[in-house]
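Listed next: structures, encoded as structure tokens.
Heads up, the next two complexes both have subunit A, just with different partners, subunit B and then subunit C.
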Partner chain A sequence: MNLIFSNRKISGILTVVPANERSFVDEMSNFNFPERRSLKLKEVMGYDKHRLVDGPVCVSDLTIFGLEYLFANRLLDRDEFDALIVVTQSPDYIMPATSSVIQGRLGLKQDMFCLDINQGCAGFLIGLMQGFLLLDQPSIQRVVLVNADVLSRKVSTKDRNSYPLVGDGASITILERTDDATPIYMNLKMDGTRRDVLRIPAGGMRLPSSPETAVMAEDADGNLRSLDNLVMDGSAVFNFVQVEVPPMIDDLLQTAGKKMDDVDMFLFHQPNRFMLEKLADKMGVPYEKMPANIVEHYGNSSGVTIPLAIAHNLRHRVVGESINACLAGFGVGLTWASMLMRIGPMRFCEMITF
Partner chain B sequence: MQRILSILQGVRPEFDFTTSQDFIGDGMLDSLDIVMLVSDLDKAYGISISGMDIVPEYFQNIASIQTLLHKYGIE
Partner chain C sequence: MENLLAKVAEILEVDEVKPEDVLDGFEEWDSLTVLSVIVMVDGDYRINLSAAEIRDCRTGQGLLDLVARKATK
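Here is the complex of A and B:
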């Protein structure tokens, strides 16, 4: 599906990362895997540090910390946004929506639309799309898009497929209208037939959590996890990304009448360094135009990784100037989406520690 | 063939890769081993194996790895 927007901009990004930093080397002994192979995995995949919440920290806690920082530093006025979108796979509750929790805890105005979206690694793109659509309404002047997850709480510490790469965090992205009518192109696809390759089997109505679903079992590769834990078919996800993403980007650029060289930065979701470098090779994109360094510093925090990639690598640049950016997210659903847009100059682009 | 064997043994030194025609089925390579193997093949031969070629069919035995390398001009 191709979509097009205009007169929309990102006016600011704040990312919130937990202070609790863990090291892959320190955690290697948790995995049923020889140390030599773990170290090789570290080198190839880029596993090093990851930031995880410490204790029962929820998405609303990270988000409120970030919003209060914005209010206190006069980067956002608490009364000057009209929609709050929260994209997460780890909500505070099944009900009510985490966006409503945040609105209530902060005492925000009632004249506001609060919306939760259950999306993961493509969640920044999906959130941008929804926010840009809401800005069609004259009564919505500004949208706050939150991407946040605390999925480390749902990943087994003895799962070497997922635990070394998982990260927690939140991003707060401010969306507004602008006089700049430069088109923003988007390409979006979903395939629910492949929904099982990334999932948490228990905890919903289909299979409620119980003592039975909490029992740890060993898989064929020696990973220990329960039905309450996130499970990822790494090979299927890798194959999905390599097959679907390059043609999606080709389609996007063709629709926009642009070439690869017209793009200043390819800001993609950050699953691991190996996967991103294979994508860059396939697409003929120089590594310096496609950052792949988020997993090694923070872990993979689902929909937060693109804002993190911007804040970590480009925070000064996007405040000072405008760049042609190609964004892409791909993951749970399965969902894959991309967007070609100008980013910057923003009013702020910062990272803080929770 | 010797070079491929040496690279395979670098990934999983505990196995004799000359004895199997089905590395994955025989439990000698799992999905993460294949990632590590591809990384080593890339470095050894100065190539970049496409992500679309990182599928089990190309990693079942020495012959299938040779077939894969042929795609990248390695004889």
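Here is the complex of A and C:
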């Protein structure tokens, strides 16, 4: 479906990454795979370092650390936002919502709408959409959109499909109204028939976690994981992205009456360098317009990767000027979404370490 | 199409893949090479294969048949 917004802007982005950095080379002995093949995997996919929480760190911990930084540095006033959206697949609890946990721990005002959204790699786009919709309400002046995940805690260290690329982190994005009426175009699709491609089988009501779901078993490729772990059908995800994303971007540009050349930067979700370069090849986008370097520095932290791509590669540019950006996220659900919007000049765009 | 098995041989880092060769018999035949075959076939023939379809092929000939079948669709 096509959506359109106007008079909305991103006024600031803060990303929070864990200090704990691990490297593929140090971890590859965990994989049931000859070292030579692991090094080939590293080379082909573009794996190197990733940032993971150390110990039982939760989404609310990373987020509160970030929000307190914003309050302390006068980048955000604690009383001057009216909605807190938390997009995560690794909430602190099944209930209550992590947004309520954050509101309570920080002692935020009661005139506040707290909302959790269960979304992954398309979660930045879904969060922007919800935030822009909330800004229709006059009493909502400013929305704080949080994307945060600590999925490394759910990935088996012996799973070379997922462990080398997983990353943890949080981003805090400030959404506000603006006088600039330049339309923001969005395109969104979902396909629940392919819901099993990315999932954590146990831990919900369908299959509660138990000693049985914690038993490690070997798959056809020699990876060890349990039903409590995240499992991804990597080649199905690859095919999904290569088949669905290029026509989605074509549709988006056509709806907006724009051409590929009108876009300054393609800021896409970061599954790995390999998948993004194949996507750029297919779309005819030069690599310098599509950053693909987040997984090798921080890992793939689901909905956090687009803010990380901006903060890592463009932080000075988006504070100083305005760029035409094409955003796209694709993942669990399956969900794929894209947005064409002007980004910047922002009040701030920073990265801090937890 | 005659090129296909030469490309597979390149991916598997061997001199040759013959139609009768069992793919699983190659030392390098694993999830990473299957993904490389998906990418190669997508790039060269504009055909999307799934990992399961490739694994079901068993032999070089099986892969040739699969791509030929998909190409005519």
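Please note the rule applied: the second predicted complex is superposed on the first by the 354 of 354 C-alpha atoms of A that agree within 3 Å, B and C clash if a C-alpha of one lies under 4 Å from a C-alpha of the other, contacts with A are read in each partner's own complex, and residues count from 1 in each chain.
Quick note on the criterion: a residue touches a chain if its C-beta (ideal position, glycine included) is under 8 Å from a C-beta of that chain, and two chains touch if they have at least 3 such contacts.
Please read these numbers as outputs of a predicted model, since none were measured by experiment.
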Touching partner for A:Asp191 - first (subunit B), second (subunit C), both, neither: neither
Contacts of A:Val241 with subunit B and subunit C, given as first, second, both or neither: first
Touched partner set for A:Glu68, first subunit B, second subunit C, both or neither: neither
Partner chain(s) touched by A:Asp136 [first = subunit B, second = subunit C, both, neither]: neither
Touched partner set for A:Leu279, first subunit B, second subunit C, both or neither: first
Greater residue coverage of subunit A in the superposed arrangement, subunit B or subunit C: B
Interface residues of subunit A shared between complexes with subunit B and subunit C: 37, 40-41, 44, 161, 221, 234-235, 238-239, 242-243, 278, 281
Of all residues in subunit A, those that touch subunit B in their complex: 37, 40-41, 43-45, 160-161, 220-221, 234-235, 238-239, 241-243, 274-275, 278-279, 281-282
Subunit A residues touching subunit C - in the complex, by the definition given at the top: 33, 37, 40-41, 44, 161, 221, 233-236, 238-239, 242-243, 278, 281
Contact set on subunit C toward subunit A in their complex: 28, 30-32, 34-36, 38-39, 42-43, 48, 50-51
Parts of subunit B lying in touch with subunit A, wherever the complex brings them together: 11, 30-36, 39, 48, 50-52, 54-56
